[in-house]
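Note that the chains are named A, B, C and D in the order they appear, and that numbering of residues resets to 1 at the start of each chain.
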Amino acid sequence: MRYVKDFHWSKGMRIRGMMDSFSHLGFQSIQLANARDIIVKMKKEGAKIFLTFTSNMVTSGLRGLFAQLVSLGMADILVTTAGAIEEDIMKAYGERFLIGRFSADDVELYEKGVNRVGNLFVRNESYEKFEDVMGGLLKSIYEKKPRWSVSEMLREFGLSLNDEHSILYQAARRNVPVFCPAITDGSIGFHLYMFQQDHPDFVVDVVEDFKRILWSTSYDDKKGIISLGGSVSKHHALLAALLNGGMNYAVYLTTAHSSSGSMSGATTDEAKSWGKVKDDSDVSTVIGDVTITFPLVIISALDELSDEGVIKG
Amino acid sequence: MRYVKDFHWSKGMRIRGMMDSFSHLGFQSIQLANARDIIVKMKKEGAKIFLTFTSNMVTSGLRGLFAQLVSLGMADILVTTAGAIEEDIMKAYGERFLIGRFSADDVELYEKGVNRVGNLFVRNESYEKFEDVMGGLLKSIYEKKPRWSVSEMLREFGLSLNDEHSILYQAARRNVPVFCPAITDGSIGFHLYMFQQDHPDFVVDVVEDFKRILWSTSYDDKKGIISLGGSVSKHHALLAALLNGGMNYAVYLTTAHSSSGSMSGATTDEAKSWGKVKDDSDVSTVIGDVTITFPLVIISALDELSDEGVIKG
Amino acid sequence: MRYVKDFHWSKGMRIRGMMDSFSHLGFQSIQLANARDIIVKMKKEGAKIFLTFTSNMVTSGLRGLFAQLVSLGMADILVTTAGAIEEDIMKAYGERFLIGRFSADDVELYEKGVNRVGNLFVRNESYEKFEDVMGGLLKSIYEKKPRWSVSEMLREFGLSLNDEHSILYQAARRNVPVFCPAITDGSIGFHLYMFQQDHPDFVVDVVEDFKRILWSTSYDDKKGIISLGGSVSKHHALLAALLNGGMNYAVYLTTAHSSSGSMSGATTDEAKSWGKVKDDSDVSTVIGDVTITFPLVIISALDELSDEGVIKG
Amino acid sequence: MRYVKDFHWSKGMRIRGMMDSFSHLGFQSIQLANARDIIVKMKKEGAKIFLTFTSNMVTSGLRGLFAQLVSLGMADILVTTAGAIEEDIMKAYGERFLIGRFSADDVELYEKGVNRVGNLFVRNESYEKFEDVMGGLLKSIYEKKPRWSVSEMLREFGLSLNDEHSILYQAARRNVPVFCPAITDGSIGFHLYMFQQDHPDFVVDVVEDFKRILWSTSYDDKKGIISLGGSVSKHHALLAALLNGGMNYAVYLTTAHSSSGSMSGATTDEAKSWGKVKDDSDVSTVIGDVTITFPLVIISALDELSDEGVIKG
């Protein structure tokens, strides 16, 4: 039996030390400490790691951390949404997002050409520049062939970038596939449509991508997932693993609760009924804002893995 | 200025009457009464109505209501996720889902071949039968042509069904397009992949679908949205409207909060900054479980519209 | 085994009929239908019923319904917070609260002397009039004796009122005790303090109230709770029942989740570990805004009880 | 204008450094970084600081941190609930709580005499020992006088303890008053009641406590609040400050949302309409589990204050 221990401050505390204390502190802190232990374990035991995230996390500034995780070998398969792809490319081309406020006047923002995502602002001009970039990228891949699976296409995009903080850049260089099951659900969808108007044989083959995510792991591989937020990115990785015997390790960080029956709030326990995670797997669900919980859990895991020589850095 | 009024029970109360009282009852009840008024207004003013929902709502039993709304002319464009398509077809073929418990033993369920979605259970055999159905459906459409946009394909599926409580059935007969931007994110994705293995020229054209949702309304149309839950279904409808000048009416029913910066929790106010809804549009965001809030808001709206002769029934 | 059934609209639906359908509709709708059945059962089996609520529900307009429940014999013991007491009295003296907006400008409201509670507004003048009322009430009870338990004092307040929609009025006339374990936590606390300054022997005896709530039921009584929201009102009723063998029936309606370990989010299951509810009791926890879920559950329960002749009305 | 910056891991990161990065990371991370800045500012500008918390946070293990904050001069007035008082005393007498699981079998726990609070367990024997302790404490204070305000009584309890990790111990030695507006809402209420049965002139004077919290600050003092969770502890501190001109600084850490109109979810903005916080005050509301957010915000604040010599440590 483990006991609750009184938590105390000591000057200059490191995240790793605080997370050690969280193992003895009640409620979501324990869940977070467990999640850290599972991430360390999945890496040490050589699991193929799925990292899934929604576009708002790329908006938030976690993008740099995702790219770094790829470069450190901490993520073998990425699954995300269209907005994440767009914003990763925008930022690789130098666009910057602004710190705003949740309570900003949205009508006023609209008049100024500013779009709000929670307490962040994205200017219209960021989308305008993205349009030019996409025009060039699509032309360039079409010249090679007319039919592309999404993950192949995103790899080409990544190879064209020149920003080591870019997710697509790191993924392309590390042969980490990036899956995006709803690729048209963003301004990129509009650009794909415009391009197809002029090039009717241009095809984005989402079915081929299903094969590719299925084959990205084997039945015999140990498999783990770090799922941030909900949406199709979470579901798609679980589905791919389900068809290959299920995840051995699962960490869900989300703000959604299980009470609504939604995928975003579905717990690691519920996943066991489906075989999405194995019945004896190591799992932890942590309820909380990912921009707080993810840095904590991953920094402490990386510190530990680095000390043990499992990763560089 | 409107005042809070004490709420009272009277025997045999109708939903419509209760919702009238909600206009004078604080917190989410007011939001729900506002949402009802906006739905009535969008219909009476001839708006093209987007209805978006996630797959768990089809699991829940709201499927019959969605189909009925299509048949009543209350939904002109549907946007949803792959699970919703699958389950609508399963149910049209007679599969039944079970009432379960949130706290069921998930490992035990797995051993029994039962999958949990919140407090509902879906048996593996429902998926097995679906596999046979999909084999036939895909073969049949492929014989017509090899390249299909998603909404065209779903229309064919709908025409093949024989269940008036089916969403796809009603949508096909009413020429209501059904969009599913992440069509491969479900067991249907697996079946599409298997079929493509044998028929390499079979293509699901998601880019063509972007054109179709864009052209499903015009810039001059009045446009409204009833969005249930979050995910790509919500975002995709808003995106399509944004490119056509924005929604004039917007009702969001969701359990997600705006604090995480997610699309699921993004409010109707945030949407104004993007032009997803017009700056002077009628909007209401209601926080709560959709299996409770949606029946209330739509029953009271239908009662009112029926009394005024706007809809039949 | 029960099955999910497709939900449909029929014109002029009554709440009771909709709630019957909710028994076959997934997620929180099922929980709500269960809660209704438990409320019907606790009344039919003669349980002593604790009704607990927080002050914002009195602000909202549910006050009239609470008073009505007392008059119908549906609540035997009330537990609430200081704000609920204050606002019930204010409204009995004719004060009216305003329908406002969640996104109102709070600095501007302050300048206008308007206080915001979610999407409702309460004017400063309502508090000013309350001050006069309290002065008279305290003087009047002090003339009888200097030491009062809270529930005795609130009974005197209730007897002095002349508004059948008042909770205190109905409770006083029905000998339903009203407990308020944090009676000083409101402007009433300030008025009690001012009065004690002039009358140092004036004592509000909260310890005596503990005896009174403990003795309000016996170990042999069947006991039930309908708990709205969280806070000390919920905890206090459970504590009193725990010392008398625990609740036989428990319905919690709340927006709080169990993940934070708080009392507000503590589930009916957690309550079993404490003996707050008996291990074989009938329980249902429903997550959602009480201003929506409570009218539904109680209207349908009252309709059923009235049909069966258990209550009048 | 501030910009979002990509977040990166560097080995051995300290909490303070991570929190600096949070100023440039979207969503609740920014709110948390703001909260840290406000806490630093309120201390440096000599504000009287109210620290409020609910009992589950004492259960969790944050108790040690609360005691340490008092000893460091970071909290001038404490407001909490009865459970927090009980558990602080239990722990001072050596009781230990267990790390459990949210999904434990509650009926089985009950049979073993174990009570669950989220993912923590408290054994019945902890309550039994507490009964003995309380018997002695009450006898000892009654010998001095029969009528006690709550905060005076809690001071006596604190003086009797011998555990530097105890909140009451540190508060008593530092002349930091501890307020508990619902002192009877716990097993302590039962012990007070039993004692009063034998000593009818024993009085716990909650009205006197209102005077004491009101006079614990003056109109001219700068005032700040760090409010953890909701409940009467949050409301009571705000009420006391309201009557003295309002808070100049306010940090709310909570899992509750504003949508339900509850006090727990009421925002720092809503507080401005009441004058609970001044209209030009520094405020931050952070949504998230307090056992994660509070260590982060306070450790980084203490590190900064220590570097600047404002606090020792």
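By our rule, a contact is a pair of C-beta atoms (placed from the backbone, for glycine too) under 8 Å apart; a residue touches a chain by one contact, two chains touch by 3 or more.
Here the structure is a predicted model, which is why all the values come from computation and not from measurement.
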Which neighbours do chain C and chain D have in common? A, B
Remotest chain, chain B as reference, centres from CA atoms: D
What is the distance, in whole Å, between the centres of chain B and chain C, each centre taken as the mean of its C-alpha atoms? 36
Report the inter-chain centroid distance for chain B and chain D in whole angstrom, where each centroid is the mean of the CA atoms. 44
Centroid spacing, where centroids are CA-atom means, of chain A and chain B in whole angstrom: 26
Contacts with two or more other chains, residues of chain C listed in rising order: 26-28, 56, 59-60, 103, 117-120, 257, 259-261, 269, 287, 289-291
Classify the chain contact graph as line, ring, star, complete or other. complete
Of all residues in chain C, those that touch chain B in their complex: 1-9, 11-16, 18, 21-32, 56, 59-65, 67-68, 91, 96-99, 103, 117-120, 165, 269, 287-293, 295-296, 298-299, 302-303, 306, 313
Can you check the complex and tell me which residues of chain B touch chain D? 26-28, 103, 257, 259-261, 287
Per the touch rule, the chain A residues reaching chain B in their complex are 54-56, 59-60, 81, 83, 102, 104, 106-107, 109-111, 114-120, 147, 181-187, 189-190, 192-193, 196-197, 202-211, 214, 229-232, 235-236, 239, 243, 255-266, 269-275, 279, 289-291
